[in-house]
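Each of the next two complexes has chain A plus one other chain: chain B in the first, chain C in the second.
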Partner chain A sequence: MSEVARQGASGQGTPRKPDNAIKWGDAVTGYLLALPAVVALLYLRVIPAVDALWESFHQRSLFDQTQKMFVGLENYVFLFTQSPTFLQSVKVTLLFVVLTVAVQTVVALALAVLFTQKGWGMSFWRTLVFLPITIPTAVSAVVWGTAFRGDGIINGFLLRLGLDPQPFLASSSQALWSITILASWIGVGYWMVFLIAGLKDIPDEVKEAASLDGAGAFRTFFSITLPLLRRPLAFVVVANTVANFLQFVPAAILTQGGPQDSTRFVMYEIYTQAYVQGDVSLADTQIVLVLCVLLAIVAVQFRLLKAKD
Partner chain B sequence: MQQTEPKSPGLAVFNTALGIFVAFLFMLPVIWMVTSSIRPNAEIFRYLSPLTIWSVVPTRVTLENIVGLLQTGFARALVNSLVVTMITTGLGLIIALLAGFSVSVLEFPGRDVLFALFVVGFSVPFDAVAVPLSAQVRDVGLTNTYFGLALAGLGNGFAIYLLRQFFLGIPRSLAEAARLDGASWLRILFSVYLPLAKGPVTAAGLTLFVFQWQTYLWPLLVASDPSMQVGPVALAGLVSLSGTVDFSQMFAGALFLSIVPAGLMLWLQRYFVQSVARSGMTG
Partner chain C sequence: MKHSPTITQTSRSKMQATLAVARLTVAALAFTAISASVGIAQDAALTGADVKGPVTLRMVSCCKPTYFGPAVDEWNKANPDIKIEQEVIPFAQLNDILESRLRSQDSTFDILIVDPPRTAAFAAKRYLKDLTAAFTDKVKDKINPESLNAVTFQNKLYAIPVFNSTQILIYNSDMLEKAGIKPPSIKPEERTTWEQVVADAKTVKEKLKVEYGIGFSQGQSYYQLQPIIMSAGGETGLSGPNNLTPNVNNDAWKKAMSWYGGLFATGIAPRGVPFTQMDAIFTSGKAPFLATSTDRVREFQKQNLKFGVAAFPKFAGGKAYTPCDSFALGLNPYSKHQVQAAKFLEWIGTTKEGGFASAAESPNVPANLLIRDEVSMQMEKAGTNLTGLTDLIKFETSNTCVHRPASVAYIQFETAFTQKNMDIVNGADAATSLDAMQNQLKTDFSRIR
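So, the complex of A and B:
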């Protein structure tokens, strides 16, 4: 229909179409506009997930990768009872996520409070803290990896302070912590932005009322500000958990999961399972388990967002 | 950003000093990266132990590293990264715009469920399904293609969420008036909603760009051909392929890969910060 004809139908004086008919047209348009995203969702998430689920009930022949055999839950049983590395990778990932999310949330909160104080050029200094999120993880990994070397700049700093040099990534007790520092350098500024927005949402009168009542800065922060910041804090914790759950780049570039599997993240385990060991079915089984955990966390994240609507 | 005049100058000076100190701490790795990329390779580790001012201030400045790096095929990888990221940002933005508009302005059965599926589905990190997806992509012959590489970042839940939240805040009467004038929904999106949405569109585009620019696992799986290598993978190759690492070239590569997204963010960050503040993701 041409533009003119349509104007004639809905414009001056001509009878309007019945409501139902209009809505039906809107509905079709709605579905059509959402279609590219639906296709992307199916192709980039749903189909590979279903594929992994299907594959996880099978085993491929070592000699002929096209030969597939149905094995039921055998892959799952193997992972939890016999796999030499799977449970270790779960342990490493959980420890890393808890450490990293805790460190990042506390630091991001402290910096959010600092950068909402009055001062000169505060939004510019804040931007510099935020900048590392834009730097590719591979870049951060090689730069920090070089800094963490035995003869690197961090040990140079420790020497200057008169302290002993540390092995960092070369030690099984320090490697995970070192990656936590690297991940926090990347992430803290990003999560800080969400907390700053949350802090700015708190009306000044609330804080002023508290200080008029004679509450000190610390009292006001812990009994007024923090409870009002509950939702953005919850969002940061949940979204940050998702962001760090599939950490891969530092392990792949810097540690190869070592020393002694101490940085064998789940995503690195899946990758080596599929491409080094060549056991795609086992890799897909781990992917199914990871997807279940991630879906649960993401659903919580979505509920946190929805509650606001 | 509204910056009220400090009431007590002493406290403001203290806050500012602390703010500068924190910013300096976060910028230290970047400063080290920049200065190391323009000093001769032999001097990078020479002044590190113990730390002195010469650890981060070059005594001799050279552009050899950058010239040498660009001769290694790194330039090609950078161009690949740019092409792939542009495809993702362009297509991803169109997908997110259409979907965000659909689930906020149009009314149809199952609309809220669809929105939930988009956000939840796309919020599951792409890497989680990268291994099975790489087999799918191989089957349709998209390995070692720009489009295959660009697939990683196409669907972005955060972008759809930002745009939907913004569109919900635009009075419906605007759309209804345009409707009565006979405008199609697509036309309403592009001539009524889009001009108002500069901020959230910029924020969504920035998110898509930064995500795709840093992808590492996906290119590893679908671009085995050296001529299709992207920047981050080429950088990792500089470190692990050769037994002896040319650190000055590595730092130069790191610098190149950081300048593009960091520059964009410095330029456009206020849109990002505003969109986050307005999105209802807080408070």
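So, the complex of A and C:
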């Protein structure tokens, strides 16, 4: 046996220096592996965010985008005191997020529970519910837009039932709900998958123990399943909130923010400012504000999750 | 004395720093001067004069591949050294995409489609190459002066008009006959009124039990509504120096838009159906009238529909107006092949061959005077009851044509109009919506610097 092998076999006499060298080498490898992600994060997230913050204190000339002047907080003041659309877009977005996250989470949870039961063709139904997420959002929007038309299939169905046809996207009181339905049709299957994974992680023994203790299905769900599902559920709520806060396609394709600004989501507002009005500085100011709101939402939700631990 | 060397060093350092700043300033000034002179030189001349060998140009077009497709194909056959590839973008996204690409000084395309009322904003933002020197003599007497006027900003020509347009009223002859209604006249001097059209539409709807009375092909747009508003006594909506003062909530605007909203509220016009589907509403026999542009004539002829054409109506006691202008082609100021691209523009805009090729599949009114009447005549002859169409097109494009306002803020104006118009169509009060639009425009325009 060689000296080195002997040292290795006995586990004694291993010099400290080679050990440190290995750890240092591991660290270098780790850093190198992380480097592309860090660079991408910096380049794609951090630098644009800092750039948007810097830009928000300026105003560019509409006619020469290379010319800009420092205006301090003027853009922020404008948005909160003069802009005819910004506060409305924030209100609409918050309402939409509350509605959609509630609807999607409850329905996704119900479907996840249903599809983890033993029964015929469960995989098929699960795939069917998941399918809409594989369709591009723009295509889904066009399909639903046709269905929501005054002479569309939904009104045809309502008429068959003897009910009055509805204006849907043409009504300021129904348009947001209509888009909630569309967004939920797309999103429910996706979020359901995370909840199914969470449900499958719950050990059967725990449920069996509850059953032996005389707990019924209802009690088991609320006292065992739901608490143990807290983590995937929290992820679904947080990720879903962020995703719906950034909703854009249905407004751009179906309603252009109308009727009467009832579907003017904040991302559509930002897009309009940047590419229709050509006011990049104001769009960047809105981006900074959206970023702050999203960070606050995520922080609060993670804090709540931590507090429950 | 002890500190003298330090003082001396400090002074020297300061001097060196001052000199360095001075050098930098001089260098910066020189660089600015050079850049400026280069900029002027680039403005005066077209790029690509020194390029030898075959080139492939990229053209950003819009709406339908057929608008410029036949012309591009014919050009490519005859000019293998200057090949053109077309990239077609939907009209709704055209402005946004061009804004984004030109702002980032994208040089990957050479020719762009230009919507004439956006010329002022694009020219002011330096998104279009100034074509005055290269084209002024070439377009004279060959392109409709009204069309040229629409792509001219501060006495500089920024695009070559290819199409012009006007509006007409198309009717379903069979439906009118069955309902016992006399068709409206194609003659401008016998132009019918909106009041009469609505009354007839109601009669047909009730007698023949059809779903609607009239459709508007571009009823979401300022383009189609402008002549209606102006016939009610309104102005363009923008006035004052540089057309930067909105005036959209006066009585005439409110009257016209209330009337228009009323058509949808009473079911005469279809609410909840996208305006892109209005042609289908007419062609499927769900409405007897369609207010539309002349390019529908040949489209409907191809579908073997039986229809008649009337002059675009006016309000009783009001003056007749029709919208005009249509797509032009401009040069990307960042293109490396402007000389080659200009050759295509010259061919399509100022020659008979180019004009006919552009009109082959997109029979809008050509802006090219060499072929305008011939194309109109072809359309007239292809129909059974279209006698007078050529004269109507000629009359409208020369006498009732009203341009959209030339303003650097036109895009904001048009966007706000479309949004408020859609609100009115969907049931919002016209007066309240126009008041809101007025305030919105004032606020938006206050940020223009």
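Of note:
Keep in mind that, in the parts below, the second predicted complex is superposed on the first by the 272 of 309 C-alpha atoms of A that agree within 3 Å, B and C clash if a C-alpha of one lies under 4 Å from a C-alpha of the other, contacts with A are read in each partner's own complex, and residues count from 1 in each chain.
Going forward, a residue touches a chain if its C-beta (ideal position, glycine included) is under 8 Å from a C-beta of that chain, and two chains touch if they have at least 3 such contacts.
Being a predicted model, the structure only gives us computed values, none of them experimental.
Judged by the number of chain A residues each one touches, B leads among chain B and chain C.
In the overlay built on the shared chain, the residue A:Trp177 is in contact with neither chain B nor chain C. Looking at the shared chain after the overlay, A:Thr272 reaches chain C, while chain B stays out of its contact range. In the overlay built on the shared chain, the residue A:Thr137 is in contact with chain B alone; chain C does not reach it.
Of the two partner chains placed around the shared chain by superposition, chain B is the only one that A:Tyr31 touches, whereas chain C remains out of contact. Contacts of A:Val298 after superposition: chain B is touched, whereas chain C is not reached.
Of the two partner chains placed around the shared chain by superposition, chain C is the only one that A:Ser61 touches, whereas chain B remains out of contact. When the two complexes are overlaid on their common chain A, residue A:Pro259 makes contact with chain C while staying clear of chain B. Residue contacts after overlaying the shared chain place A:Phe78 against chain C, while chain B stays out of touching range. Once the two complexes are overlaid on the shared chain, A:Pro167 sits against chain C while remaining clear of chain B. Shared contact residues of chain A with chain B and chain C: 145, 151, 271, 280. The residues of chain A lying in touch with chain C in their complex are 59, 61-65, 78, 82-85, 145, 149-151, 167-172, 256-261, 271-272, 275-280, 282. Interface residues of chain B facing chain A in the complex, by the touch rule stated above, are 1, 3-7, 11-13, 15-16, 18-20, 22-23, 26-27, 29-30, 32-33, 45, 48-52, 55-56, 94-96, 98-99, 101-103, 106-109, 111, 114, 116-129, 131-133, 135-136, 151, 154-155, 160-161, 179-182, 185-186, 189, 210, 213-214, 216-217, 220, 231-233, 235-236, 238-240, 247, 250-251, 254, 257-258, 261-262, 264-266, 269, 272-273, 276-277, 280-283. The residues of chain A lying in touch with chain B in their complex are 3, 6-7, 9-11, 23, 26-31, 33-34, 36-38, 40-41, 43-49, 51-52, 55, 111, 114-115, 117-147, 151-153, 155-157, 159-160, 165, 185, 188-189, 193-198, 200-202, 228-229, 231-232, 235, 242-243, 245-246, 248-249, 252-253, 267, 270-271, 274, 280, 283-284, 287, 290-291, 294-295, 298-299, 301-302, 305-306, 308-309.
Against chain A, in their complex, chain C makes its touches with residues 95-96, 99-100, 103, 121, 124-126, 211, 270-274, 408, 411-412, 415, 418-419, 422-423, 425-428, 433, 436, 439-440, 443-444, 446-449.
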